[in-house]
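Below you'll find the structures, each written out as structure tokens.
Across the two complexes that follow, chain A remains constant while its partner is chain B and subsequently chain C.
Right, the complex of A and B next:
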């Protein structure tokens, strides 16, 4: 069973789906051929601004005993971290800028300002999440192994604590992400390859240690008598970044309208069907240019999932065409203001902390008979190999 | 000259230890970035992470050739060997494109500038841009000097340089080095060019010949005098050529002819050319069949032939740049199979992973998306 056989999409014939895929392919080709010096200047300007903000923030915090300096420094640093993680790091690691042939802005060796080592991110995010988007049991981003985000997922009394887990995840988001590729469940059952586990833990430890040292030891120490206020400002900056990236990421796939899929729908999936699943499983949010930059252009989540390795500054222009294609083929294109998209995600978190019988579903109703979901994560051996549709991808040497 | 060059060990960048220590400390402040990632925004030359240079001057040598004077940034080591080449990368339409050119400056430990001399090739987008499209102040990327086509120190007693066209560039560096060090031995130069106007470094060579009686120059203008034939002309021009260490640089057919001629006279060990081979580290693969998806062509390779060479052997238009793993121009998607990075032994075996074809070798059969 492929995605086109899903009840809602029986209006699309197999040929329709293939034609849809060809239209998306055409967009990809056109953008790839038109990447130019302006695009290169865009990412270089972004990097320059980001490093300038980070530098200004660090310097300002040397005077952090004064309240305005504390607030300004924390804000500058927080914004710098957000920019680095969202518009720069995330997108560079997707290979969006590999075409420039610049080893300094390349997916194979970018390391970002967060606890997760780049190499593990490129596995858990670029491959597992982007290829198996919203497929239950495959995509570990559905609730990050902590939250129950789909009615198809079996309820257990542990889920009653969801509001608390959610708040903890938002606060400590970078550490949640850091552990994301480890597969703690398998480790606890003793099924994880000990060699691989050791390698991953070592990477996480080294990266996390450097991050902690920098923000919570070295800069406060350099600030001398102002160590306490510098420390608290750095905590505030990291917290701001954590909360913001949490909100943006939860708006990508959890608002009403973003669909979940089952293992059966993955079977013999064609490139066109993969495209279709990306549109149906993602949700956009509206906003001005600044909001889009601060969210790494992930407000164009649908476009990002269709073309994960095309330069993020082009998603806006791509979205016009994608919207039009969706209208022609009668495919829903989920979009709304940021607060509404996050509100819906939050409502789902609250509702699904209870068994299904207590609440009514929102958005696309799941099938009458909910498929049973395997609880255990797949290993790479059980997953389909990585698809070429995900674009440029290479492992790093740095981490 | 601009040719695909050989892969050699990239020399360790020279840095004083105290400076290194400061940088390690500063790393703690900028992690996961390096201090240079910030400093280069102030001055592009203040970064040793990627080698950069600032173009200081463009000196026109002939109608179609110019010498670029470049001030390299941090991390550059000036003690290259005479005859070596550098990779130079410039941004065209947002993309960095790489070529290799022989250094025409002499190596000196306390140097400040390097020069390369470039001839604009017909339809050569990049060489044309380098010769006439660059303004002083432009920032270029550099790759560390490399190459085995070098003058030993001290130089041999008797030398013959066989050069044609822009092949003069590495030889110029060797002659200038012997001049500067006062080690000019018995040197014979046979240099061909279509006309006197097109002859790069003509005046400089004549000047050197005047200064050094032991330097004998034969200039050949092939438009009027015809091509220099090793068979017919060499014995007359340089009767003792079999007793000379010979460096030959020029177009492919000329090098082939030189190789044949020296072999026929059983003195092939006297001949030094740019050899287009690859010097590998200890990391090799198992070899296998490399398949190229779009054309369906294949190449059987051993464990020391790079994927790039395999593609070129199979007649695929493989993209390439520096040919030493720096520039990423050659990156392709490995659809299936496994390859090893010759620099560090890293294995890449995951489906649809991007690999740098110039520094990877096959581990068994593999398929590439080109």
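Right, the complex of A and C next:
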């Protein structure tokens, strides 16, 4: 169904929607024009802190035969990896800091400390996820190709294993993300160009191999007799980062209230409607400054989806205005504490492992059950095939 | 004119016989040199891939090719390209006919190098009517035709 059919804003006239879009535009313009040295200092400070933590963690692990050093080293390294992936890597690759003209802190150059090649991330996340946010059949972030996350998705007996798949995805999250742009669903359907698949796999293999060498061969080897405890601490650091990233990412789009869409004709969507889809498809969580930094400011998921290329340190300030705009226009602004948001996402995963008939929907009703629907929703069979360019782009020159 | 291999391997534009840029091609393989595919423009903008060959590894600063008017308005229609693709792209601009989303033949083109850009999505009322790149940290402006 089209975004215009969503009951959460069918009370708005076309003029209202345009006015709402203009208010979001005004926020964007204001932030764009006020990016300054303080913002630049913020990201440089984050990078300095992250590198300090990583260095301290690696050095501490030279004494990892002592339990406190093991725990401290693993914790420092885990925090450094979280900071690098969430607040630095993710946001730099969005181009949030390109305006600084810093050749290192730039979306063209940044390569992050995780198994997925940056180039594939920029396609699967920056383009596919952010352009087709929560659109079934387009956005691979809906269940990462292995979880059924919307009632409109056809149930199959394979879904009974969701609690297990979910635990595996959380534990091995960096590897799940690494395979994200391959588009497993298309591979299983035989729709993926084998050449492209091979090319992407090569790229993933190279990046994955380097990550393994770094954390599980080189640094343990440098620790000499403490190689075993250094290796286990590195496993713990990566596991910590995996679990944290998984929780934060699942809180962004799967708590109650974050909607899914089934529209194929996105080409004619106006900018104001695109803004609205971002608001309706995302969910925030509450927390202090430290929690927001450690989650890459994705606790402001709504603001991030509205303005993915604005500096992340400004999302907090933006959120006050966005919330107020949503209130004035009667648009839902989904927010709650982290534990509640994740609890709701987890409940959805568990419930949707069963056929729809066994469970009742929670929160926002699915699109095909909404009142005042103007068009009949197409079935899975009637829907167009998945986007042809998914996962088929990443022949990088530099790779 | 020497075309970069990846660009040379792209399908040819029927009218000009030149390789068809990634950004002019639709998902179904159709398209021509005169028009830009809005979806592809957005894909280039968000994935940071080249407008000409569709591949990653863009340089820094990013080169944006545009007309004099676009430079004046600080609003470009064509996404950034690799340097080698940009050099080859001049063959398109010299055809003496509307290309790359322009409605008329443009005699003068410029290359603006910028650290990055802000992307304006079409607003549905024609302001802008197409995705527009606004360079926000310009390093240089150079006439190329």
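Assume the second predicted complex is superposed on the first by the 357 of 399 C-alpha atoms of A that agree within 3 Å, B and C clash if a C-alpha of one lies under 4 Å from a C-alpha of the other, contacts with A are read in each partner's own complex, and residues count from 1 in each chain.
Rule of thumb we're sticking to: contacts are C-beta pairs under 8 Å (C-beta built on N, C-alpha and C of every residue); 3 or more make two chains touch, one makes a residue touch a chain.
Computed from a prediction, not measured in an experiment: that's the story for all the values here.
With both structures placed on the common chain, the touch criterion links A:108 to chain B and to chain C. Of the two partner chains placed by superposition, chain B and chain C are both touched by A:100. Judged by the touch definition given at the top, the superposed model places A:83 against neither chain B nor chain C. Judged by the touch definition given at the top, the superposed model places A:122 against chain C, while chain B stays out of reach. Once the two complexes are overlaid on the shared chain, A:72 sits clear of chain B and of chain C alike. By the touch criterion defined above, A:270 lies against chain C but remains apart from chain B after alignment on the C-alpha atoms of chain A. Where the contact sets of chain A with chain B and with chain C meet, they give residues 95, 98-103, 106-108, 387-388, 393-395, 397-398.
Only residues 6, 27-28, 38-39, 42-43, 46-49, 54-62, 82, 115-125, 136-137, 139 of chain C touch chain A when the two sit together in their complex.
Those residues of chain A lying in contact with chain C across their complex are 18, 21, 25, 32, 95, 98-103, 106-109, 119, 122-123, 126-127, 130-131, 267, 270-274, 309, 387-389, 393-399. Residues 35-41, 48, 51-52, 55, 58, 95, 98-104, 106-108, 111-113, 207, 210-211, 213-214, 218-219, 385-388, 390, 392-395, 397-398 of chain A are the ones that touch chain B when the two sit in their complex. Chain B meets chain A in the complex at residues 28-29, 31-33, 37-38, 41, 49-50, 89, 91, 93-98, 321, 326-329, 331, 333, 335, 344, 346, 348, 350-355, 369.
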